[in-house]
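Each of the two complexes below includes subunit A, the first together with subunit B, the second together with subunit C.
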Partner chain A sequence: MFAELNSILNVSPEHFSTGEFVLLSDRQSDASFLLHHFLGFYLRAGCQVCFVALAQSFSHYSAVSQRLGVNLSQAKEKGQLVFLEGLQESLSILNPHDARTGSEAMDFLRNPGAGLQCLFQFVSSSVDHSRGAEDGGRGPPVLLVDDLSMLLSLGVGVDAVLDFSHYCRTAICSQLKGNVVMLLRCDGEDDDDDDVGSDDGSERLLRGLTHQCSLALHVQSLPTGYCRDIHGQVEMCDRRRQAGGQQRKMTFHFKVHDKGASFFAPGTSSAVL
Partner chain B sequence: MAASVNDTCKQSVERTSLNPTSFQKKTRNKLLSIPGTRLSVQNGQLLVSTGVTSLDYVLGGGLAVGTVLLIEEDRYDSYTRMILKYFLAEGVVCQHELFIAAAQDHPNDIFQELPDPILDDVVMHKPADQPRLSSEPHGNLDAMKIAWRYQNLPKVQSGLASSSRFGHYYDVSKTMEPEIRQAAKCHHFYLPEHPRQSSATRSPVLDSYAALLKSIEEVIRREGFSVAAPLTKSRNILRIGLHSLGSPLWGDDLCCQDNPKHSHALTTFLYGLRALLRSSLSVAVVTVPSHLIQSRSLRGSITRLCDNAIALESFKGSERETGPLCKDYHGLLHVRQVPHLNCLTSQLPDHKDLAFKLKRKQFSIERLHLPPDLSETVSRVSRADAAGAAALASACDSGNKHLDF
Partner chain C sequence: MLISFSICSTMLHDLLQGTDTGGLFIIQDSGSCSGRRLLWSFIKAALNRTEAVHVLSFEVSEDELKDGLKGSPIERLHFHNAYSDPLAWTGSATFTVDQFCVEKVTKLIKQTSQVKTAILAIDSLSWILRHISPSAVCKTLQQLKNGGCVANVIGLLHSDMHSRGTVGSLCHLATSLITVKAVLRGDQAMITKRLKSGKVLQGEEVFTIKDDLTVIGQGKPSRSEPQEQMCISNMADPTANLTFNLRLSESQREAKEKLALPFVFSKEKKAALLHTGSGRIVYEPDANDDYDQEDPDDDLDV
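Then we have the complex of A and B:
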């Protein structure tokens, strides 16, 4: 959890709005540090978190969260965190033996063109199951997905991913009054690329999700080139209800440290001043 | 990767699980002392050397165990093959096990072409004595008389190396002795030897990739590289070298067509490879002829699925061959991606413009310096036009230069 980002977004673990769909995207950069922020934030807020981790193993997230002060293994044991480790689950499908292990959440790998119903079943069952089983001391349910471009790489179509995000938003944001945070990684700067047909669909997905989301954080590298002290810029487009009905667009520069990230207005990096 | 480090010392972690701070007791050093590896100073990762010392420096100290290094091939696949051979030769010298997969040449041929290691520590890297200049400002024979204000500044270090020695040097002109080679255990996967089989359980990956994935998983399981395997015998690292994945010889039409039918076969395979590597003590180097892939987004997703990614661009055959760059270097090296493993930050290289040079005893990667233009006509051209200007200048009568003002 990064304190500066909390102040920028006007939230705190005690006081945050629900029913939000946050989209983290990046272009030729890495926005996964923002995902660690949200993971720590919602765990500290006491929410019921469902984390669909397709990109890295559990020990990676656990090690990073440890440095940020959150213990993932403990949260998993208590039941506050439901963790889907995509890498491990996918092995039983990509390398089929006769013995089937693991949940059916990654079954879409067998037939990527069919859609993501199994993944959505997993998400909704983990969110419903935990709400019913535990005492009512938990906060609203939160879904974190890392990351959607992995789904595109595995052959899932853009429409299926858009449907999946829409279903999650309906189920979690509207019905259960929770939050959804999704990470999408794009690449390339040319929107007017001549080979539209070979576009992987990440641009289309980005546009579709930006339309659906209430808060979009877009991470890019600096337009002026590579700098060691400023790792990039974050464009924030805030359409949440508390903003008074109008959009708030801001740009920040950031630098990622070992234990967090610092955000500052463009031109006010500590390396410069 | 710390997947392996953390899981094998799960016992020690669970004892300290109630510890709210991130301080971990350094008991892991006792559990894992595998030859040829060392722990990273930044984040405690287990690192192996790629065989090229300067590439280790560029990648932040070495290749982390459990990760994949993607090398985007140069046009004629000469230097990437060289790096693959360095990687495998380093494995032989460190007594790691090897797994070589290729569709074009038999892996045995690749295995026999490994360069000869220089096992006596004669070749030391020069930048080790650079900092001495700044610490001895007076009584120095090289004392500057005119630019004396620059006396105490450290010299720009163009050659990249870290202070501690990790990895070996190889003599490219000779191949490795058969005795050293025999000592290493090597597993082969040669695609023509694996006939297409339609098993009952269809894997969603392409047949060739499915067979390769299965073969790798079998080796990992059988030889005990998996992290979940019991710690009965001493652990070792498996070095996996996959040559030219994605090329048409693997049955993939990624490089042949604009809209490939199997556009997701290679990416799905890389996902499975990543899953295998994260749960075992192995390292993989994958070379992909990405200059043949038309779709830029596909190249991007291949890069994102691998942890480290570099691209080699050799000057051979290009129009830059006659330019001023070519006299000193053999090509450019682009660092496309450096991962952040178990921490938020990644070891980004200081400079992004790197060039490589293959010498007999060393593959050196250096910061790109354009040599000073000492010709009589000062040509203010960019790097891209430098070759054009040089060609033009050589084409004209050289006597004209003296008449130009």
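Then we have the complex of A and C:
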């Protein structure tokens, strides 16, 4: 959890808004450090977290969270964290000789064109199951997904991913008053400007998710090139209803450290001042 | 609280009054500027005119819509929930996207309201277009527009989600098209209105929407808006106050303009280089040259 990001977003583990859909995206950069922030933040806030991890193994997230002061194994044992390790679960489907039957959540690998209804059903059942658990003092449910571009690479269509994110928003944000955080990595290809709608890749998915989300954090590398002291810039766009109707947009520079990340206004890096 | 509008009645305000019937209004927006609040302003204006409003909502929940329309008379608002389960995944579907055809929509409207001057607001058309072909959507919209069960249809379209052909087909059906984009002073609306006589009116206006969904016109967009961001107004003359002379006198300026640049290919140079017509190429083979055209490799010692 990064304290500076909390103050920028005006939230704290004791006080944050619910019913939010946060979209983390990057283009030729890596926004996964923000996902670790939100994972640590919601676990500290005592929320019921469901993490759909398609990009890395559990030990990776555990190691990174350890450095940020959060123990994922303990949270998993307590039942606060439900972790879907996509890489592990998909082995039984991808390897026909494997006798184990993996989680039904990854069934979309058998037929990627059919959509992500099974994945959604896993998410909603794990969230409902933990709501009914004996420990009733938990906070609102939270879903984290890392990351949606993996689904595109596995053959799932952009429309199917948008349907999945719509249903997650309906079930978790609207009905259960929880939050959803999804990471999308764009590959930075120049899409054909003449016919943007026919581009079936991450750019169209990014546009679709931007319409659905309430807060968008877009990470890019600096347009001027590599810098040792500034690792990139984050554009924050708050799409919630603002007085006057305009969306609030802010840009920050950031630097990722061993045990966290610091955020500062453009031009105020400690190396410069 | 009395809010004073600008004296000339703007196209946007005319559309909000909604005096015509049999119309299809399309609000086009993009990721950087949402048109949803403008759609809500239209809904509120219709409710204030004591018309019934049916909202077919795929993208916002009932709570969010009613929260946005706070302070408006919502007794005449009929919310049709296509947000919770539009694809029948959870078994709680009240309206699925497959049911978007003129018969089912008409049945839905007639079930809840028998009033003739009803408005149908669709949020959003983009959601439907992701599942139903554009031609079917256009057909349904055309039938609804002319069908008579509703007076007007208003739809929100995210133009950056579809190909130009799809967006173009839908906008062609619209009797009024409003495209919103964000500018410094507020939002800019580009309005195209097709009258029944065949005349097409176009206009551009900048507006803002207050918390109570009142639309305040900010006048015409200023042409120099893009330059405002560059901030080069009132730049001082850089050749003043120097210890050396950077200016040119008249004769110096003339001489400079007359000068032919060395690598520019002008007409005079072209004429000098080309000898048109009077040239002839004479070839006299040397002793070492092999002039035998049939066997070019004859001189090789292989």
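Note that in this section the second predicted complex is superposed on the first by the 253 of 273 C-alpha atoms of A that agree within 3 Å, B and C clash if a C-alpha of one lies under 4 Å from a C-alpha of the other, contacts with A are read in each partner's own complex, and residues count from 1 in each chain.
Basically, contacts are C-beta pairs under 8 Å (C-beta built on N, C-alpha and C of every residue); 3 or more make two chains touch, one makes a residue touch a chain.
Quantities reported herein were computed from a predicted structural model and do not represent experimental measurements.
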item	value
Subunit B versus subunit C as contact partner of A:14, first or second or both or neither	neither
Partner chain(s) touched by A:210 [first = subunit B, second = subunit C, both, neither]	second
Contacts of A:239 with subunit B and subunit C, given as first, second, both or neither	second
First, second, both or neither for A:247, with subunit B first and subunit C second	second
More subunit A residues in contact - subunit B or subunit C	B
Partner chain(s) touched by A:60 [first = subunit B, second = subunit C, both, neither]	first
Partner chain in contact with A:155 - subunit B first, subunit C second, else both or neither	first
Shared contact residues on subunit A - subunit B and subunit C	195, 197-198
In the complex with subunit A, residue positions of subunit B that touch it	1-3, 6-7, 17, 20, 22, 199, 201-205, 210, 213-214, 217, 258-259, 263-264, 267-268, 271-272, 274-276, 278-279, 294-298, 300-301, 303-305, 340-346, 348, 350, 352
Sites on subunit A touched by subunit B in the complex	30, 32-33, 36, 56-57, 59-60, 62-64, 66-67, 69, 71, 73-74, 87-88, 90-91, 93-98, 109-112, 149-150, 152-155, 185-188, 193, 195, 197-200, 202, 226, 228, 256-261
Interfacial residue positions of subunit A with respect to subunit C in the complex	117, 120-121, 124, 159, 162-163, 166-167, 170-171, 174-175, 194-198, 204, 207-208, 210-212, 239, 241, 243-247
Of subunit C, residues touching subunit A in the complex	30-34, 37, 59, 61, 63-64, 68, 83-87, 89-90, 126, 130-131, 158, 160-167, 182, 186-187, 208-211
